[in-house]
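What follows is a short report on a single structure.
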Amino acid sequence: MRAAVLFGPDDLRVVDKPVPAPAAGEVLVKVAMCGTCGTDLKLQTHPFPNQPPFGQFTPGHEWTGTVAALGETVDELAIGDRVAIEAHRGCGRCDNCVLGMYTACLNYGNVAKGHRASGMSVDGGFAEFALHHVSSLYRLPDNLTWEDAVLVTTAGTSLYGLDAIGGYVAGQSVAIVGPGPVGLMTTQACKALGADPVVLLGTRRSRLELGQRLGADCTIDVRSEDPVVAVRRITHGLGADVVIEASGAMSAPQQAVEMVKRGGKILFLGFYPAPVTFDLSAAIRDDVTLYTTRGEGAGAVRRALSLAAQGRIRGRELVTHRFGLEQIQEAFRVVREREGDPIKVVIVP
Amino acid sequence: MRAAVLFGPDDLRVVDKPVPAPAAGEVLVKVAMCGTCGTDLKLQTHPFPNQPPFGQFTPGHEWTGTVAALGETVDELAIGDRVAIEAHRGCGRCDNCVLGMYTACLNYGNVAKGHRASGMSVDGGFAEFALHHVSSLYRLPDNLTWEDAVLVTTAGTSLYGLDAIGGYVAGQSVAIVGPGPVGLMTTQACKALGADPVVLLGTRRSRLELGQRLGADCTIDVRSEDPVVAVRRITHGLGADVVIEASGAMSAPQQAVEMVKRGGKILFLGFYPAPVTFDLSAAIRDDVTLYTTRGEGAGAVRRALSLAAQGRIRGRELVTHRFGLEQIQEAFRVVREREGDPIKVVIVP
Amino acid sequence: MRAAVLFGPDDLRVVDKPVPAPAAGEVLVKVAMCGTCGTDLKLQTHPFPNQPPFGQFTPGHEWTGTVAALGETVDELAIGDRVAIEAHRGCGRCDNCVLGMYTACLNYGNVAKGHRASGMSVDGGFAEFALHHVSSLYRLPDNLTWEDAVLVTTAGTSLYGLDAIGGYVAGQSVAIVGPGPVGLMTTQACKALGADPVVLLGTRRSRLELGQRLGADCTIDVRSEDPVVAVRRITHGLGADVVIEASGAMSAPQQAVEMVKRGGKILFLGFYPAPVTFDLSAAIRDDVTLYTTRGEGAGAVRRALSLAAQGRIRGRELVTHRFGLEQIQEAFRVVREREGDPIKVVIVP
Amino acid sequence: MRAAVLFGPDDLRVVDKPVPAPAAGEVLVKVAMCGTCGTDLKLQTHPFPNQPPFGQFTPGHEWTGTVAALGETVDELAIGDRVAIEAHRGCGRCDNCVLGMYTACLNYGNVAKGHRASGMSVDGGFAEFALHHVSSLYRLPDNLTWEDAVLVTTAGTSLYGLDAIGGYVAGQSVAIVGPGPVGLMTTQACKALGADPVVLLGTRRSRLELGQRLGADCTIDVRSEDPVVAVRRITHGLGADVVIEASGAMSAPQQAVEMVKRGGKILFLGFYPAPVTFDLSAAIRDDVTLYTTRGEGAGAVRRALSLAAQGRIRGRELVTHRFGLEQIQEAFRVVREREGDPIKVVIVP
């Protein structure tokens, strides 16, 4: 099969590779589409701790496709089924996995013990075929497209975060900072769960407009209005019940502390390029809890698929660019240089 | 003012009564509408333990109206504001109230210490005016009608129950037994929170059809199909993630245990006329938790109002009969005899 | 090796059997001791749904011993390590296991997919050697005896239940009904977590005296004093914050509802011989939640071992009878006939 | 009566003042002892936002004493009862108080609506008499001293924090940074709840030795050993399940992130003199939640009193200095200059 392989820092090339065979509990999937993400850029430049070596590794952790072969014991799916994925499969035996916290698996990167993070610690979806464990695959409802399926993985990040904060945001005010793919899917997820108002804050007008079309009750261009002032204004001076930080901007944590309600919650879904500085005492004085989640744990993808099938969250509108597998370098150039304001750039192998 | 007063068992008469004056923290409301409920029938026949004496007591706990006067310190509302209510106000000083569990107030019925259950332990809304504590009143969004407001109190019961089970039912299967007002509002609440599928089970075709119009994904006429078989069929043999019992039928607890998924949750929102018999061991063997809630605690009415304002739950379609205050005896006759298949019968004082 | 094998209803015989070999992720343990339990009696008479066939099955689910051999990938333990166990290992791939609810595994009994309940759905510890998955084994602290290790599995049941109700009982009143092994370990667990007072209720004086030695703040002989009256008296009329039912008596659920505080919790750890009858409406009226758990999930055995190593819970005092493996029939006769008031009868292979 | 009054920045003088009269729901207490705390120093120099004006305000929020008079409706206590306190009484009517989050009251400082933070927004305990709401007073068990009662308020801070993180730390590893009064009471609280090991980290040998006497399983002098290395060593490389930051040191948040287990929890109980800088992305990557609490909410003082009465936490050993009310300036000089390594300096009016 054809597959992108990372041969060195920022040296991703499409080469021939044998189609892998599914072991017990595993499934071989013919990849239909694979999303690109900021993490893909980072790990091409600076390999992650548990990343496979140069010359072997195929990244890609937001993929979808059709079941091509089943490993032993797999009867949950059938050949021909369309599936969406979550990236992480825990070892199933460490203290954290036993408790269901598999995105925090203590055997992260230990393939022998069963852990795998598709496209991060094992081969992923920038290829014609990809393997995954059956527990990380979900049958795709008929009314969803491949684009929806790619974004369902992103929505899984949103929902895992919302699960961490309790999952019950109906009637609560939510401020979402950063209208990237995570922020936009989170906006929809919050509306799907009944949050109101959902305020989306960002710097790019086009993104904010898309956010509005996707359900945000109000959008704030933070270059025109101070974000803290705006959120306090909209929430009658109280601050938002929940602030969700999805921008990764260095100033965002301080703003989050200032725009959250007393006794409220801040959820961090983005990553920062450096240590951040903020007034933690203000959070302490106000009984504010700071939640973080990584990836799409706790069955969040299953829930995301359901919301997508119900028409409550839509992924396809976020896909702005499509490239064939052989054009993957060009695809990442577009991602890196933000050419044409890409939101989600996908590879169609 | 004119007010219904209970003069003896099943002896409710409309008489003249002075308009009460709001104490500090209280609000006087001109009642626009007050719903009737099974509880109203019960307490007319057999007074509840903390019910005011015959000759004084005005029942009615599902009311709505316009602010007419404010007690000292009240600035959360203004005269002329339309409000919805929750029935319970805790004492604010017992162990349970301090923890926010005010529907389980340990000073239940102790008016001196501040507890009040409107229309149950103090005068309620079958009158031209009613008093309530400001913390139990919520400003009614402009796009809601009085009918919506009456049913918002019912929806508060649904949401308080959903809060008890975690509030995060997105993508989960829910079976709701009993398409009365609570069951119908719960159906909508579950859909508003993203549950799927929501299965509504009942005996009356008209109710099930209404449930379908209000969002149920499927409805089961339990006179045509065994409810357990139906729920297991719809959930691919697994049982429902959540079963919500709102029928009060003596056979319902056993059915709930049989139709719930391993590790699932049962929420009891109805009351039974007698002790129930069911296979508790089956629940234990399957790690099933049995939740109960009473009333509309934990700020559930605030959330319900938000969902109603968002158009996610609709109350007005449940109002089947309207009576003036002077016709209240006729109204309760209709409720008691189920004449014309009443769902929610309201009094318009 | 020598092993007890169930050849038919109540026909348990000790025979020769090959020592099993550990597969990947599995560990072979030389059994040092195996407790007997009411469940062992039941499954000998009426096989459980997923029980291996007559002529093959070796029961025993409360065992402990020394690591004898390691399957592939196991480096968490070393040969010679002493270990305690929990009975259940989930499939690790169903919806429930993924969320950490492995005692409610949806593939219960499906060995091919990885589920095993030692001594229930696969061979257990009434043998010289037993296999288990590494995730179900815990290294035994040096200061614990085999007797402690056997009872740690029982204490895991207590702690899993306490986990289900929130785990935070410090300063709360707890009433425990039934001073059997589960009730006695739960008494200690509640005291270890700071509950106060812990009231133990039962019918046998000797058991209550042992409960007192193990930390119960007060004990009630329910043949001398009505249990509901007693608990209400001790809790100043409020009822217990938590009622834990570990007796399996048919009258216990009703008593639990009557002795629990408004807004309180009931935890069911016992099984009933038939459907139970109780006033569920009383629980609903009082916002009472009814929790159930099965087995020792959520890493409860790890916590139990820690409490035992800290000297907070003691198992050895519960072991009243010891038998060699060849005397297993005599052992079960003693259990069945309650000869000599046995608390925990153990087999020493 | 005699009372300390703040007449200007750092100008606290003892003067005559009328004994206040308890309103409905309030209790007058003859103060037996009042602890000093870093917060007292801060608010003397820089008044807090809701602090009463200079010339009127009596600080002191860690007091205890004997009931001297009862306001209307108070029957929970009797004259002559010894009581411990919590500082905060919520308004009982804002969104947060209704949910039981009264330390995050949205009407903070609004006395008319019922909020009071004793010694912060209303007069406190550096006086012969003090008022408080009955819901903030707890009867002192007979076996506790005034010193214990003062420290029970501090232990309430510990337990409220532990409640926020779930309250169920039995068998979990906990690292506590900062052996001041909060750190030392938290050490005891963690042991009382069964945590193991509890590692106490600090810079002062005497404090660490006291921590050890009070139950810490190990203590780390961070001037001899790197705290992160030490905690990772003790926890077999995994990091602590829970890190509790009670030092307020600017470097502590970064260390907390580095010493916590993947999927673990950090609880912040201290305040920082300035915005802090730390690698928040590391927390995000590891699914770490950052909890904060303020004061002694959620009935934590009730639980603390129970643990103290059980002998599980001891306060009196922390009281190093005693001063009469007239010597309050000298007392605060000792606190400010840390003369004689004071832990808890108390005023005995």
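Order of writing sets the labels: A, B, C and D. Residues in every chain begin at 1.
One rule holds for everything that comes next: a residue touches a chain if its C-beta (ideal position, glycine included) is under 8 Å from a C-beta of that chain, and two chains touch if they have at least 3 such contacts.
As the structure is a computational prediction, the values presented were derived from the model and not from experiment.
Path length between chain B and chain D in the chain contact graph, taken as the least number of steps between touching chains: 1.
The interface with the greater number of C-beta contacts, when A-D is set against A-C, is A-D. Measuring from the averaged C-alpha position of chain A to that of chain C gives a distance of 41 Å. Counting partners per residue, chain A has 101, 302 as the residues that reach two or more other chains.
Of all residues in chain B, those touching chain A in their complex are 159, 162-163, 166-168, 170-172, 192-194, 196, 302-307, 309-310, 312. Across the interface of their complex, chain C is touched by residues 25, 72-73, 76, 92-95, 97-102, 112-114, 133-135, 298-299, 302 of chain A.
On chain C, the positions that touch chain B within their shared complex are 96, 101, 103-106, 108, 164, 238, 253-254, 261-263, 268-272, 275-281, 283-294, 297.
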